[in-house]
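Below: a set of structures, written as structure tokens.
Same chain, two partners: chain A is paired with chain B first, then with chain C.
Right after this comes the complex of A and B.
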């Protein structure tokens, strides 16, 4: 387990370095640079050149790259180009908000979708087609709804018509109850699609496992259906489910960008949208690296869980 | 002996059991009125071909049928209670504690993500009401009893860390761990090698004798029945057509189906190779079981009344009943079918001119690089074929036998040029073609039979289109199928018909050598006889040389002129089939022959069986001395140090042993 974790960790570092490198050079390939973006059309050629010197943009590209790496490692992300605020401070306020939304969504998704999917699988296994079709059909329908659309519908219904949740307002972690109330609707929007996807994946995985020989063996030893389902079937079906949970984290991050924008929540997503709109290279570059880091870390933990669940997994 | 228990003389009573599979399109009537009973300590075998309903019947007994299977009517009495009427919770009190079940495939029957201890201990705690520590002791005790070395340590292993044979031992330990009075074993040895099968059968025999549990043993192998069972029930089309003591049923079969079945397998006793009986036709479609006797369309003794009313099981003596109107089955037929006296012609020495060697292998080796433990360490080598020298003369049939992993299939691949040998040479006069094991997966399902047989002709660019069509039609007739089959697809053919097509495809290029790798092991007994007869005919008619690879020693003996016995990539014995079989020189050959049960309880009872111990060593770590030293009963220090080479043992025979038998 230890060697395995170490190997995975090593891979994580290599992958992250790859992403950082890719992001750095891709952004340098785009016509125009940070200085001209910052200056807009106000500066003359000479002044622009001075600005470039100041920002270190005139140094050889490899030197710039290594300086950038050094800064990243020492957690010095620099300032935003447009507003001059410290990117480190911005991240510090935005990351907890987005993380809270993402984690709440995943927890809610797992709590609802896995029992639901397992139930559907069990019904299908026992030949109760109608109920299974109902669950599976609904899940399919929900899965097809794009999140920006559900976001608007939920906003209209729960916020504007029923007035259950606020649609806007301050977001602060200092008041936990108000904070949860504020992020409840975005979490719901994100969860609905996730639940539908996960329930379908769970159903398929559990249904496949239920016809395995070892399930019959468990039954032959006199275990109740409930224990067979949760101790044997779900434990074996967990492998594909965990994989999908890990992968769906990517689409979840995607989703946070949209819902944060719609619900005006100052998380990473809003920061990214603002950064792109104002062509703030420095900010966008840092955010991409952070998103990538999130994604890679989740995969790392997925692998660890996978190894924990299935003793057969090698490297 | 436990005197507190009420003395009952039956452990299981099945009465008129009907089990159907209610699929969306039709009702498959798998079990149609089965009745029998088991006494304590009795071992009853239920034998039948695939589709006879034997597994559905066995699973009905403990209600482990998968959807859409359903017990429609009947009673299953275990411990005074009718299983069919129990609630789910009551049923769970019977499963495991009163009835233990052993399943067919040990590779898939244990939960792969749970340690053996996690799977074994909780049922013992629950069913015997013991604390964890004591339950663990009992589990370790059982693992020890079923022959798992270092049971106390191995109990915490995962199933994937064990071999198939070891897993089946775990399965048996699990099924017996709560002291059930009835054990249901559904083909418990079918997935195992012959030598491991012999060990498991011996184990089950001893365990039932020691515990006094009754055992219901489902199998398709008549040899196993003869070795193992007190009583036997023969199933056909969802019914038991004959039931009685094993000795009686084998000696005096009364039902035409049993009588035919016993003549489809090579005779164990004699050297006279009588042609095998082929049962004509197919088993009935169980969606529409016929009125009357379901065997009548394949029965030579069928009469008019067989189509009208169904014969019931009636007594034919003490402990023997059969479901046939005729007291002696086929023997009462107006014209009992005579065994076709087309004896298998053995290629005798005079026909075989040494100059006409058709195949020669010189020091043939195939090594596969293994995976290194660390990137810098030297990878281990799997020595699949490790120095084989064989020659075959024209028209000869060479049988190659050995356990799985002995390199016989790799050898076949080398002969066909599918793999390049690591060292050594192969000379073939003409070309070699192959008949594969599994007739279900070795054809492209989207090609018609015509295209399948024509394909090798197209690939080699043989002839024009009409010439090829002519050749394909000739081939299909040669393997005994109608021309009308040419337009069909593989899924429209039965297993036996498909294997005929496989033979036709192999013959398309007029090969001089046909390599048949376990060509009959995926087939039912009665179909097996057809394919064996076909191969024998082709050998006679076309003078083709066959290499017949199989673990079924009886069949190999029946069909082959010479036998080569392989162990860990080497030939350990080589010689004329009858000689090798009757007087094996190598201890391994002897062990293999002992492992194979003979379909005759009388012979089985008299045999002194030397069950080979242990399992095949990993081909990664081949011992320095004799490869067989770790399992040999005659082993000495010399064997462990000095490797014996294949030398002439007698005039016609070679053996690789320092102390040949």
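Right after this comes the complex of A and C.
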């Protein structure tokens, strides 16, 4: 386990370095350069050159690269180009918000989807076709709904028509109740898709296990159906479920970008979209690296959990 | 819209499928038939959109603004009196083009690079896969957003950005397919009669990977359509006034309360297309792998 973790960690570091390098050099490929792209038609000649100096674009590219690495390691992300705010501060206010949405979504998803998927598997196993088809059919339909569209439909239904949740307004962590109320609808939108995915995977995994000999053995020992389902079947079906929780984290991050945009929540996603629209490459670069590292780390921990659940997995 | 199709464990399962035996299955398979029932009318409407008694997708009519769905405007009209159905059909054209192009690009590059990595192994494999791993470190929409911010907006950049995000996934899938084929007995048999490397790859390996790749390809097309819509919705994809399903929905967002149909209708169409492509993928899998039938 220790060698595995170490090797996997090493791989994580290599991938991280790759991501950082890729992002850095790709942004230097922009026709013209970041300075002229940012300034558009507004600056020319000397002013543009001064901007380049300010952005450090006149130095040799390798020097720029190492300075960039050094700054990243020391968590010094610099200032946004357009507004001059500290990117570190922006991240510090945005991260808790996005994280709260992501964590709430994962918790809600697990609480609902795993029992639902197990139930569907049980129904399928017992031959209750109609109910099983109803659950799986709905799950597939919901799974394929574009999240921005689901968000608008939910906004129309729950917010504009029924008035249950606010559609806009301030977002502040200082007032936990108001904050939860404000992020409830985005979390609901994200959860619906995630639940659909997870319930389908859980159903398949549990269904596969249900026809195993040891389930029959467990039944023959007189355990209750619930105990057989959750203690024996679900435990053995956990492997693919854990993998998918990890994998679907990517789509969850994608989703946060969209719901933050729709519900005007000042998280990482809104920062990103605004950064791109205002051509703030410094900010965009930092955010993309940050998202990727986040995603890679989650995958890393998923692999560790996976290895713990199934020691046969080889590096 | 979570779509995962390239876990190695699933790849080896896909390999149990035989070669693609023509297209006869489309008529015989229930899911494939369902896919066609949804897809064919949409395709026909899109192809013959200009012959339908509709306003042009860009034509405004200030006397018929924000009208509810009716006989003359089945999907209603938007704030400039443009016909939402006509715009949706024009958007579907864009969507289908994006889906098809992305799937094709991803398949071609996936087959070539994945086969090379899986077949030759060693240094070549390590070089290709380390680059693939870097690309897989980005969530797909994020990668597309990042790329669009560099190559710019519009149809071709969007296709390229989404395809570039998909290619690594296909390389990985193809590589794992090739790896599990490489050690099959019939490959050894071909080697013993001195088949060349090129012969092995082109005659024995690649043809046997086509079927599982098509299954993944139709899902990738659905995925690409969703990503394009998301990009356009965020204002980073196809730019108005050119219609795309994503930017029509974005347009309607502001008038959600007064004119629910502007945003809702194109969404239903995206859902229908994505659903039918998934049915198609399931249909292909079931037709080719008897074990997948229940």
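The rule is short, and it goes like this: the second predicted complex is superposed on the first by the 307 of 315 C-alpha atoms of A that agree within 3 Å, B and C clash if a C-alpha of one lies under 4 Å from a C-alpha of the other, contacts with A are read in each partner's own complex, and residues count from 1 in each chain.
What we mean here is this: contacts are C-beta pairs under 8 Å (C-beta built on N, C-alpha and C of every residue); 3 or more make two chains touch, one makes a residue touch a chain.
In this text, all values refer to a predicted model and were calculated from it rather than measured experimentally.
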Exercise. Since both structures carry chain A, what do chain B and chain C do when superposed there: clash or fit?
Worked result: fit
For this session: With both structures superposed on the shared chain, find the angle between the C-alpha centres of chain B and chain C as seen from the C-alpha centre of chain A, to the nearest 10 degrees.
Result: 70
Problem set entry | Which partner, chain B or chain C, touches more chain A residues | C
Exercise. Regarding the shared-chain residue A:222, is it in contact with chain B (first), chain C (second), both, or neither?
Worked result: first
Problem set entry | Which of chain B and chain C A:248 touches, first, second, both or neither | second
For this session: For A:234, select first, second, both or neither according to whether it touches chain B, chain C, the two together, or no partner.
Result: neither
Problem set entry | First (chain B), second (chain C), both or neither touched by A:101 | neither
Exercise. So, A:272: does it touch chain B (first), chain C (second), both, or neither?
Worked result: second
Exercise. After superposition on the shared chain, which partner residues are touched by A:160: those of chain B (first), chain C (second), both, or neither?
Worked result: second
Exercise. Between chain B (first) and chain C (second), which, if any, makes contact with A:146: first, second, both or neither?
Worked result: second
Exercise. So after superposition, what is the minimum Cα distance from chain B to chain C, given in Å?
Worked result: 6
Seminar exercise, completed: chain A partner, complex, touching residues on chain C are 1-4, 7, 9, 130-131, 133-135, 137-142, 145-146, 148-150, 222, 226, 229-230, 233-236, 246, 249, 252-253, 256-257, 260, 263-264, 267, 270-271, 274-275, 278
Exercise. Taking the complex as given, what residues does chain A use to touch chain C?
Worked result: 11, 14-16, 18-19, 22-23, 26-27, 29-30, 140-141, 143-149, 152-153, 155-156, 160, 193-194, 197, 240, 243-244, 247-248, 250-251, 253-255, 257-258, 261-262, 272-273, 276-277, 284, 288, 291-292, 295-296
For this session: Would you tell me which residues of chain A are touching chain B in their complex?
Result: 125-127, 211-214, 216-225, 232, 235-236, 309-312
For this session: Can you check the complex and tell me which residues of chain B touch chain A?
Result: 62, 64, 66-68, 88-89, 92-97, 100-101, 103, 105, 108-114, 119, 123, 126-127, 158, 160, 171, 174-175, 178
